[in-house]
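These notes concern the structure reproduced below.
In order of appearance the chains are A, B, C and D, and numbering begins at 1 in each one.
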Amino acid sequence: MIFFNAETPSWMISPIVVPLTAGLLCFLLSRRTFVIALAAALANLIAVCFLTCQLLVFGPMRCHVGGWLPPLGITLRTDGPAVLMLLMTAVTGLAITLYARGYFTCRISEPRLAGRHQRQQRYFWPLWMLLLAGLNGLFLSNDIFNLYVTLELIGISAASLAALSGKPASQLASFRYLMVSLLGSLTYLLGIVFLYRTCGVLDLDLLRNFTAGGSGMRVGLALMSVGLLLKTALFPLHFWLPPAHANALAPVSAILSALVVKGSFYLLFRFWFEVFASIITTSALNFMGALGAIAVLWGAVQAMRQQRLKLMVAYSTVSQLGYLFIAFPLSKVADGVQVWSIVIFMALAHACAKSAMFMAAGTVFLHLGHDRIKDLNGIRSSLPITVFAYGIAGVSLMGLPPSGGFIGKWMLLTSSLASLEWWWALVVMAGSLLASIYVFRVMSRFFVIPEGFSLKKSEPLSPLLEWPALVLALISLFLGLAAPRLLHILATGNTALAQVFPGGLP
Amino acid sequence: MSKIRNRRKRLDGFQRLLLLLVICLTTLLGTIILTIPENTPGLAGAVARLQERSGVESPVTAVLLNFRGYDTLLEVMVLLLAVIGVWSLAKAPFPQQVTDISPVQMGVVRLLAPLMCLVAAYLIWQGSHLAGGAFQGGAILGAAGVLMLVTELPWLRGIPALPLRIGLVLGPLLFVGVALSCLFLTGNLLGYPEGTAGWLILLIEAACAISVGLTLTSLFAGGRPENEIPDKHHPADHAPNGDRS
Amino acid sequence: MTYSILTLFDILLVLTLLWLGRRLLGTEDIFKAVVLFISFGLLMALAWVRMRAPDVALAEAALGAGLTGPLFLSALSRMNRTRKGERRLDSDENRGKEHEQDQEQAQTT
Amino acid sequence: MITTLLYSLTGLILFGMGLFTLITHSHPLRKILAVNVMSTGVFLILVATAYIPLGQGEVDPVPHAMVLTGIVVSVSVTALALILACRVQETSNLALLKRKEQAKTTKEVAG
């Protein structure tokens, strides 16, 4: 037991092993699966909080699995960004777990479709727990091939979850999602092959120190980036996202939109700004920024034109993912920690706000039986908490102060003005304007009381359906106030960043 | 016919462009492969140096289950995940009435199935020093299962779900269990204690092979067993939901 | 001398693999494509042995060709079954009428 | 070293052929076949990277382990994708049938 004081890095494996075991148990036992999943989500949150404290006290850590050192063994590591992403996953994951319970209980109480919903609930828990384990593994891993395995774990469970609703549209979307995700992982694997051929190592730290890479390394990075971009759904490669996210069950949409897309993005960002930062050229950064800018505008315009609430929220995801890529070209002037903080802030705020929004949309769907935007009149009177949650999440998406989205966009604006590349600032403002249009278009429907509408009290919904969304929305709103603390966490882990950008790139 | 041909002609422009792009990409990647210098050492030296401490003689098994055992742990999960996904999608399409099985087929299955199990066991045991191991053995077991499924043995239909689930989870759960107990004993996840590595690896491989075999069979069956989800008019299941509505 | 013979074997194997790959991706008939895929997998196993990777060869022969092939075949037969079922329902006048009658009854009651 | 290059280029061409088929063909089974060919191509490059002629030293076992992992992953994904494709066809057929029947009944009602 002497191995288990606060300093041991072995604690790092708990966010992976706990959901993994819970997933196995959820599949094995057919009863009490919710209790197991809830216990695992809670334990995961506690473990991640512990890892955060460990990071703040002892600094970044490395855990060598099996005691084998890097060239051969697999290394896990914590640093600021990884811990913040883990925190995001744990908090959002806990809320989604609670919401999913409310959702399934509500659906099963309809006798007509009870069988189908029992099937959905039966398989939702193991799939979700294994997905959580995969995500945590992705954020912690420090080995490119191990990352490939976690990507596959995430891809397969996400596609199965997306198909869970059983509707033809969702199954078709899920098939396409599976194919795209497979293509993405294969391209990533081809990139690994090129890297291994050039460098002969798989560990990220060793790859970073490998300077004589040349064209093999560059092509490997390009292939891996294309694979990850497919999974992240950046603009020209986003075609699979809206149908897959909009046709899934509400908790599944929240998981896919808030967490799964962030996993591959985090990886991409880490490759570009930490591991292979020395071979990234300015034109590549500008190219990514341009794609991001198009995604922001195009996604927002598409979101405005949608007739269904969930599709609108899904297109808004395409738009919001674009902001993350606009940060790429700004690294020319901003220092490393600033770019990391822009991206992490946007990602955290978007994860909380978007999952709250999908939960609210799901509750509206459960309440009305449809989500056509033009028929949403008067929901405010029957679902006040849900409407409130939707509004607050919308505020964060628009980027009004003091939300986390505001901090991210503010940093984007200042660094784009500092770099004298004002067009990025223009795109950010236009994106916010369009976001406010599509959010308020739905909001105004909620508050319209149609003629002949009686304020009769409908039967109250389970609190599990409404409160998780509200709490997440509030977190995304007050994320801006916690900014200094989060920046502190980010900076403690990033000792390496100072070396990467000694005064910015030329 | 002419209509089809017309449509194909119209698509040709896009296809030709794509073909050109793919050819360019392949050529580019090919030239870059040619430029990569040949003298990268790889990890062969590291494996050879640490081989003695791994507890097995076959280098591939050492990498799979000792040096990079964590990868294999996650990979076993991927296999299980595929089964969960398939079960969530469909029921196994067993034939409604069992047709008569020809005695020849029956005899072949009776002869082959035990033989295949033997071969699988041999492959798992051989994995510690030659080619073979959990996945190859599991694949042979899976082939035996597929053979039985194809023969449509009548008792396969009635296999209860719980033992099947236990069999499916056995390998992954044992793997996680061994990994965690190693963590408590040596302070490292999957850091086998001195001298026990060989036995532990054999144990993990045997359990995983059984699970992999069952997994592949279930994947071939193409859906969940009949009684996998509790009936909706099961009293114990329905009561709590009924209260709430 | 052995070097050249082995190289000849390599070139032959590679050309066969490429030809099989092109055929299996290009044929109109999916069933034929699946059969070609199985033989492609078996030849791949030969290539793995040539590359001194017996473990991979065993896995490819057992998993890649031995199990993926049957998986494809069973999926194909399942798809054909549903397509046939649809056609039968479509063309079978009586059954269609029965359905309609059922629906009418349901509507009147 | 000609062997390594020969097999690597073959793997690359297989990858390209699979990619082309994956994008252009619409039949789901063909798409899954294409993905399988692509993955085989990637594995071929990986194993060719590790290859050393007989008598010139030990082969690098790490790529072999990676390919083994990859084969197992690709088999499980293939199985899932196949069942998903079957389900898509079954449910869409069912939906089509329902819509046809509805159209029939509405036509009769109108008539």
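One rule holds for everything that comes next: contacts are C-beta pairs under 8 Å (C-beta built on N, C-alpha and C of every residue); 3 or more make two chains touch, one makes a residue touch a chain.
Keep in mind it's a predicted model, so treat the numbers as computed, not measured.
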**Request:** Just list the two chains that share the greatest number of C-beta contact pairs.
**Result:** A-B
**Message:** Based only on mean CA positions, could you tell me how far chain C sits from chain D in angstrom?
**Reply:** 11
**Request:** Could you grab the centroid distance between chain B and chain C? Build each centroid from C-alpha atoms only and quote it in angstrom.
**Result:** 19
**Prompt:** Approximately how many whole Å separate the CA-defined centres of chain A and chain D?
**Reply:** 27
**Request:** Mind checking the centre-to-centre distance between chain B and chain D? Centres are C-alpha means, answer in whole Å.
**Result:** 16
**Complete:** The positions of chain C in contact with two or more other chains are 55, 59, 63, 67, 71, 75, 78
**Prompt:** Which residues belonging to chain D are in contact with no fewer than two other chains?
**Reply:** 13, 15, 19, 45, 49-50, 59, 62-64, 68-69, 71-73, 75-77, 79-80, 83-87
**Complete:** Residue ranges of chain A touching at least 2 other chains are 72, 145, 149, 152, 156, 159-160, 163, 171, 196-197, 202
**Fill in**
Listing every touching pair of chains gives A-B, A-D, B-C, B-D, C-D
**Message:** Going by the contact rule set out above, which residues of chain D touch chain C in the complex?
**Reply:** 2-3, 6-7, 10, 13-14, 17-18, 21, 27, 29-30, 32-34, 36-37, 40, 43-44, 47-48, 50-52, 54, 59, 64, 67-68, 71-72, 75, 78-79, 82-83, 85-86, 89-90, 93, 96-97, 100-101, 104-105, 108
**Message:** Touching residues of chain A toward chain D in the complex: what are they?
**Reply:** 72, 145, 149, 152, 156, 159-160, 163, 166-168, 171-172, 174-175, 178-179, 182-183, 186, 189-190, 192-193, 196-197, 202
**Fill in**
Per the touch rule, the chain B residues reaching chain A in their complex are 28-29, 32-33, 35-36, 40-43, 46-47, 50, 63, 66-71, 74-75, 77-78, 80-82, 84-85, 87-89, 162, 165-166, 168-169, 172-173, 176, 179-180, 182-184, 186-192, 228-230, 232, 237, 241-242, 244-245
**Item:** Residues of chain C defined as touching chain B within the complex
**Value:** 54-55, 57-59, 62-63, 66-67, 70-71, 74-75, 78
**Message:** Looking at the complex, which residues from chain D come into contact with chain A?
**Reply:** 15, 19, 22, 28, 31, 35, 38-39, 42, 45-46, 49, 62-63, 66, 69-70, 73, 76-77, 80-81, 84-85, 87-88, 91-92, 94-95
